[in-house]
Amino acid sequence: MTAIVEGIIKAFQLIFSIDPELYRITGLSLYVSGLAVVMASLWSIPMATVLGLKNFRGKRFIRGSFNAFIGFPTVVLGLVLYLLFSRSGPLGLFGLLYTPLLISIGQAILITPILVSFIISAIEAIDMDIRDLARTLGSTEIQASLSILREASGGVILAILAGFNRAFAELGVAMMVGGNIYNQTRMLTTTIALETSRGKIPLSIALGVILVSIVYILNISISYLRKR
Amino acid sequence: MAGLMELCNLWKSFGEVNALQNVNLTISHGKITTLLGPSGSGKTTILRIIAGLDTPTRGTLFYGNTQIAANDQITLREKATLVFQKSVFFDTTVYNNIAYGLKLNNELSKEEINNKVSESLTLVCLEGFEKRRAKKLSGGEQQRVSLARALALDRELLLLDEPTVNLDPKNVSIIEETIQRINREKKTTIVLATHNMFQAEAISEKIALLIDGTVKQVGTNQDIFGKSNKYLTSFARLENVFSGTAKNTKEGTSIIDVNQHLQIEASVSSPGKVTVHVRPEDILVSNNPLKSSARNVFKGTIVGIADLGSIAKLTVDAGKKFSVQITKKSLSEMKLNVGSEVYLTFKASAVQLI
Amino acid sequence: MRKYYGIILVAIVVFGVGLAAWTLNAPQEKVSLTVSTTTSLDETGLLDVIETEFEELYPNIDVAFISQGTGLAIQTAKDGNADMILVHDATREAAFLEEGYGVNRKILAYNFFVIVGPEDDPANIKGLSPTDALLTIKEAGETGNAIWVSRGDSSGTHAMEKRLWTAGGEDTTELRETDWYLERGSGMTATLAMANEKLAYTLCDMGSYLNNYVSGNIELLIMVEAGQETLNVYSAIACDPQNESLSHVHFDEAMKFIDFLVSDDVQNILADFGVDEFGQALFNPAVEVLAENTDPTIASWIKDAAFIDGTECPEDKRYEAGDLTFLTALSSLNAMIVQLLK
């Protein structure tokens, strides 16, 4: 019990003291997950738009697979990436193992099913007459698709946010392919795991409070901005 | 008379249903052409093909003297724009909705776009509505914004699908006046789809009578409406068309006296002489009277059975002759023959004014 | 409603199978003994062998190991989540006793830390003493020619590593800000894997090294061999039932396990463990070495490195120890004399 109280007190001391390490760790977490979201969006939004608007054989299967992979275990993904990118693995020559970039790539892959599934649902919720409207007002097919995407922007933002939450809070990929190197790949979640294994429970609680606060504040502010 | 557009031998099938059957039509330059027909007669399908939103199953389109290739919807979309029966909006301001098509044309400056938006809003009497949210407007205002959005594009061909259906008289007259005005002032060619023959008579110069996916008759206003017998024969081809005097009821519906044996209840209120239509597929056939919410139940005798493949068309005398459709399976299960007594049931809302 | 039946059915099946698997495999009516220990012991598989033997001898006791870095292993015991500890950091063990959490400390085994590195040895440390080797790696690292991977997880290995850097006059909190010193913050195998990937140097206990090298996880070679500076001593400590917050611990069972660990049986298992597989033992038994002074050099190194106030266990930290005897520097001196007289 005292450990929890101690941890919470320590959390606020840390947050209000200007501890460069804390800010660096938090910053890296935000950067890595932010980059993951940007990468995942680059391929997920076009993919989801095509899947949401086109009908073709096997579409149900692809959709179902994306839905099923929403809960893909992070450690399994971490393991696969580790094997691919280790020096003896097929992609070892890129030298990406234990770099923030590879964590971002891993998280981007991890959240792709979330983005694709959520964006498809958002697009399917849009009245498809919008597409004919755009066409009859002179849009090309691509412009019409973009218009539907813009109509679905609320859902797209939610999808991106959900993706960010998952990336930001995941541990498996960050630990396994990042290596938790101090000052290089040490992030909020890996630090919590490390400090717990070091027996520094109060610091872990403090970092946990920060992690949860960031997720909470971010989600609250975006839902507030969307309502306006 | 120069044809802006020619539709030659158009067929359109959705699965096994033929929505259009061998439609031939010339759309004359600078005129208002009306597609007149009951709902389900193929009006919307024709408009969507002209607008480049759908492709015909068979047939060719000519724009001027140029044949439009089967996969070339883009050319059509550059020439024509369609105002849908049900208003559709991007979830944003009126300004953004109207400016959408203008912004796609990169040659226009912001100022030109602003001017065009406000001009087109003025045309439909909605000055200053730019900043309003389109989806928050009333039904009539929405339809007028839809029209303004189409007008702002200055297309050669303006397509209107039932632009005044379900609107109150004030909005109807604004829209009708705007349509006539831009046809007169800008020489815009207009194709208007309507089921309302009074509207067709009032604003168009050329009418194509469309029934069950076929053009039954094409002519000028005078050709169609000038000689009453010809107009009546045209419409007699519509099944289940009844004329009578309508009286309003306390409940807001109206009772139409067709003859002393037949009173039809309709959910629209339009007192006086009316002509109404009930679609054959909206009528239920039963051996015994049905307990239901439907307001119209008539007893009749089968006087004719026609085989239409999987379905059969019955002619039932219930004071007036009704046409109804049932499946062949129902026909044999209900043991129906010529001379059988049946009950016909349909809702007041299935009765359409024409 | 019907479509939910399938979902409910699947949920019941998953839940039921899980519950069944758990209950069928759960120990029945046994006293469980929780041992908080370090990764370097657990990862070698030694503990599994000892557990099997012990449970054969005492069928009513079920041994469970929680393996963590020494830092957390000790914390776990302090929090009352273990009955005894099996660790390798004399300084923190002394603190654990001193703070009133443990009694009856017994030295069990030893081995050595080695510095391992890539085959081509870019920093050229082969054959140097541990401290010199580290300083040489630092020089090479600063010119971009070498990388050091640190455990960085407050484990016993990490503590040893810090002692060596400190002995060389370096401060690890400064070193970790550099590019060539990577603080891993993870277990031994993960740290070795990173050193292997990065072609870097790292400090490793002999047991973990051999275990990973022979199984093909790593290609790193030993650069700096065993020496007094890198002696690694493992001890067992029972949690103190006199401590109010630990009164619930299974002290009797813990003492049985410690008795068992120092018995000839287990000491012989230690001497043999890994010989077949690795060509040498991963751990060396320490009880006989200390009691009978069979190897005076090693015995004196152990005393220097791992005795607390000249003894295995301070007198005031002995409690209902039964037949267990604790060596002091003096008693082992006697043993030495006996040995000389023989």
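Order of writing sets the labels: A, B and C. Residues in every chain begin at 1.
Everything below uses one rule, namely that contacts are C-beta pairs under 8 Å (C-beta built on N, C-alpha and C of every residue); 3 or more make two chains touch, one makes a residue touch a chain.
As the structure is a prediction and not an experimental result, all values here were calculated from the model.
In the assembly without chain A, touching between the remaining chains defines the groups B | C. When chain centres are set by their Cα atoms, the one at the greatest distance from chain C is B. Mean C-alpha position of chain A lies 37 Å from that of chain C.
Note: centroid distance chain B to chain C, computed from Cα atoms, is 86 Å.
Centroids of chain A and chain B (each the mean of its C-alpha atoms) stand 50 Å apart. Residue positions of chain A in touch with at least two other chains are not found. Against chain C, in their complex, chain A makes its touches with residues 3, 86-87, 97-98, 175, 179-184, 186, 190-191, 194, 196-201.
Contact residues of chain C toward chain A in the complex are 68-69, 71-72, 74-76, 79, 152-154, 176-177, 182-186, 190, 193-194, 196-198.
The residues of chain A lying in touch with chain B in their complex are 127, 129-130, 132-140, 143, 147, 150-151.
Those residues of chain B whose C-beta lies close enough to touch chain A in the complex are 48, 51-53, 73-74, 77-78, 80-82, 84, 86, 88-91, 100-101, 104-105, 149, 153.
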